[in-house]
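Can you keep this structure in mind? I'll have questions shortly.
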Amino acid sequence: MTEEILRVRGLRKRFPGVVALDGVDFDLRPGEVHVLLGENGAGKSTLIKMLSGAYHPDEGTIFMDGRETAIRTAEDAQRHGIATIYQEFNLVPQLTVAENLMLGRPPRRFGFVDKKAMYRHAQELLDRVGVDADPRAPLASLGIARMQMVEIAKALGLDARVLIMDEPTAVLTTSEVQRLFTIVRQLKEQGVAIVFITHHLEEIAQIGDRVTVLRDGASVAEVPADTPEEELVRLMVGRSIDQQYPRERSTQGAPLLEVRGLTRKGVFEDVSFEVRAGEVVGLAGLVGAGRTEVVRAIFGADPYDSGEVLVDGLPLPRGKVTAALEAGLGLVPEDRKGQGLVLGANIRENLGLVTMRRATHGGFVDRAGQAKAAAEVAEQLGVRMSGLGQEVRTLSGGNQQKIVIGKWLLAEANVLILDEPTRGIDVGAKVEIYQLINSLTAAGRAVLMISSDLPEVLGMSDRVLVMARGRLAGELSAAEATQDSVMALAVGELEETA
Amino acid sequence: MTTGTLRLRKGSSILSENGSLIGLVVLLVALTLLSGDFLTVTNLLNVGVQAAVTAILAFGQTFVIITSGIDLSVGAVAALSAVVLAWTATSHGMAWPLATGFALIVGIACGLVNGALITYGKLPPFIATLAMQGIARGLGLVISQGSPIALPDSVSHVGDTIGGYLPVPAIVMLLMGVITAVVLNRTYAGRAMYAIGGNEEAARLSGIKVTRQKLITYALAGGFAAVAGIVLAGRLASAQPQAALGYELDAIAAVVIGGASLSGGKGKALGTFVGALILAVLRNGLNLLSVSAFWQQVVIGIVIALAVLLDTLRRRQAS
Amino acid sequence: MQFTKPAAIAAAGAILALGLTACNNGSSSSAGGSGGGGGDIKIGLSVSTLNNPYFVQLRQGAEAEAKKEGVKITTTDAQNDASQQVNQVQNFASQSMKAIIINPVDSSAAAPAVKAADRSKIPVIAADRGVTGATVTQTVASDNVAGGKLAAQELGKALGGKGKVAVLQGTAGTSAARDRQQGFAEGIKAFPGIQVVAQQPADFDRTKGLDVMTNMLQAHSDITGVFAANDEMALGAIKALGAKAGKQVKVVGFDGSPDGLKAVQAGTLSADVAQQPVLLGQLAVQSAVKAAKGGKIEATVAVPVKVATKDNVAQFTNGA
């Protein structure tokens, strides 16, 4: 057995009012992929932030190569060969790919940046991760999947011996995940020790060697990666979850949302479909197929060139969020933090954002009424919080998402559009959101759900629409929809034209 | 006094919520110890009067800063409104309520132009309001021909006292402060300001009409600037085209000292009031202590930095 | 031609703005020219700022004199920006002005512009403030130090040689603030019975004059005299003193501005050291014309400062 490169014993960390870590043991050998598993708030982020020098433990010890080591700053971590790839990239979109790769340490000659050397070195790094990108291109032109690869290439550039990857697959499509895994396996062979965080249980057996499960700030088990998924879930949530996708079909009524020939030149074309009362319609496709653009146009957040949108049979004016909202549409956007929440405001404020207009009389907001309504919906959603006055910034991803959905519940939206509703959310909270979807459709409302998580689309939808290259590539009933049939539609057109 | 009992009852919570209030208390104690003339009723009333113009400008600025904007034109708009007031009241013989209303309309109009440039014209607030600063200052000079215009007696009461004791500028300041607090806490416009400043896109997707709310915000700032200009003119019994030069920076400093964030979404009327008081108390104290001209600027700079630092430290500790 | 909509609006706006300013220039900044014996002599006048009544009066004096002499004068406003002033003076040189009058924003920052004019053999007259680091043909200025002394004498006289005095200083670091302060300090030494108990800056600003005076009274309630380094601050101080101004407390100002002289007439301002900006402008233009015609002129002209008191104030108000 190889010598451990990193060993962590009895780490504790306390924040005002919360014990974030309560005795974590963890170790890592060269050439292994060690999966960290746990619900949001279980302490995964706190642990990796200590390993990368962002936080300092109150108690406990970190050993590197068998020696007790204090990691006080990001520079310390770098010196010890620890590199971290966070969910929120540490990249500058305005700079070029090469500049990002060499951020803070560009090759210099006579005090000037040696551009030639920089591009050469950047190309080498990009080749190593096998990503096809021009080092001179601005990073922003890359798209999120290739940005992720650049982030990995950047970590490799630091000659990392320990690579911490925080949910690297959350934003990737299936084929991109496979590319990533190939790279991870290469790194393993080179002897790099990898800490891998994911919420996709099926990935664990594919890529992992060992799994450490965290719950409520403590490490509760260390098991091999081929442990059955149900067992992992049980360890993670402390109870067994019977069903990952508890969809209960409701009786379907009249169409609530009708989209006819919706077109924005160069983005999406001739998109037509309907969503009926009591129905969950899944909208599948690859990242960049135009799904988000279509739903934003339906909601009035972006313009479109032609076509029409009807809610309850009445046409909706273009590009008017307020009209969509009054007609009973609601949108839970893809980018929860960037578009769904006012992070610096508290739970009460965020929940009341949509209904504030309605609660205003003569210019004055009925804040007491708003607070009462917010308290009720927070209770109904089971939001875990210290109180309604808590800043939403400090909530876990799952609870944040509940707040975004909650504001539309308060607004009594009839048609709820969910764009990647469970991205980055742990298993327990996912199931709660699915149950919420069930209760909505049971009440005769309609849900249109975009998701890149195929099992979720298949498990929750009554009907699946597949988009490819800005067009509806096909429609599948729940019975017809399988991983293969959906993927065939999603990539089919790509291969034909390629 | 009411503030006294309030402080007794809720003192600790107010103190812990607002770091700059601690700064003000420290300053008050220090000046009381250093100068025997500081802690007298007349001097404290003086401070209130001297804080008034900056505070009123700062209240208006608070709205703008909460939406993560900035308004560099408030000083110039105040001067323009003052000139318009004096000009309409003297050259055109308007009755004072009419002239005052006219001055207010000019201020609000300047604010609306700012808002329109920012929303429809998509100019950054810094540039739009910098342009308005030049326009308003210039128009004030054009109207007044570059010379001060004396106010008729009927109007200069705004600068006087009620019963020889209660100074009107301080009362106007308190009134505007209460209006600010009510707007921010109770009205749709105020709550929308926080949402827009916190996350404009999330606010838009929640059905808040961002363009309209921003227009209201800048119009409010313009209106408050006009009130400040009227108070200023009242105090001097004359309207000066070059008055309130650089006051926008004092106003911004007061807002930030009061705990607002220039990146938006945060800010309170009480905080801004405390910020304006800190600046006024400091200037008053430096005069009482006969500190030399050169050192005064150094001291003011240091205190501004300290006040904001104190607040940041306290927040960091809290989170 | 195809304009995009915003571009067209912007262009229209710019043209409109230019048109407005052009009209304005035509009516107010160029005077005289057609008649008289001056022929086609053109003079450039660069004023530090027109955001101050004092310099507005200076310009009025200059333009009136130009009209009388029948020469063309072009006035520009440097808006208190020294680099803008350098550009303006350089432009004068290339417009083949026969003489240039500069009212420097900053004495040393004006030197490069003056040197450029020298190279083109154009005579330069410095008005109100001197130029350091370059030679000008003539400096026309009122004497701030002498004025400060005069103010001290007037205040000493008004107080009967004894009492406690406060000083409102100008903007820290400016030459006018410095010179007036220096002159006053020298002059007040002649009165051993007078004690200067406080001196604080109020930045030549009326509001600040009011605030600072209020605060000084708090610390020194027994003040009997005030010297303010300009009329704006003096008027602010008078507002702060209320009924005491001119009675228990004597105030002496500096500038002779219209508002200041009104206060002298009303008795609230005991004396005002009057500069004569109109006269200053006239003298500068006279010298410029003489130099343009090739005549010899003196290196310095001191424009007298005069003391305006209640007895003689009428002659000032009529004169201006």
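Residue numbering begins at 1 within each chain, and the chains themselves are lettered A, B and C in the order written.
Keep this in mind: a contact is a pair of C-beta atoms (placed from the backbone, for glycine too) under 8 Å apart; a residue touches a chain by one contact, two chains touch by 3 or more.
Note that the structure is predicted; figures quoted are calculated from it, not measured.
The chain with its Cα centre farthest from the Cα centre of subunit B is A.
Legend note: the chain whose CA centroid lies nearest the centroid of all displayed protein CA atoms is B. Taking the mean of the C-alpha atoms as each chain's centre, subunit A and subunit C sit 67 Å apart.
Once the centre of each chain is set as its mean CA position, subunit B and subunit C turn out to be 32 Å apart.
Rounded to whole angstrom units, the spacing between the C-alpha centres of subunit A and subunit B is 43.
Residues 16, 299, 301, 321-322, 325, 331, 333, 338-345, 349, 353-354, 356-357, 360, 363-365, 367, 407 of subunit A touch subunit B in their complex.
Contact residues on subunit B toward subunit C in their complex (touch as defined above): 35, 37-38, 40, 42-43, 46, 49-50, 53, 141, 145-148, 150, 232, 235-238, 240-245, 283-284, 286-290, 293-294, 296-297. Listing the residues of subunit C that touch subunit B in their complex gives 50-53, 56, 169, 172, 198-201, 205-207, 210-212, 214-216, 218-219, 235-236, 239, 258-259.
Interface residues of subunit B, counted against subunit A in their complex, comprise 185-189, 191-192, 194-195, 198-199, 201-209, 265-266, 318-319.
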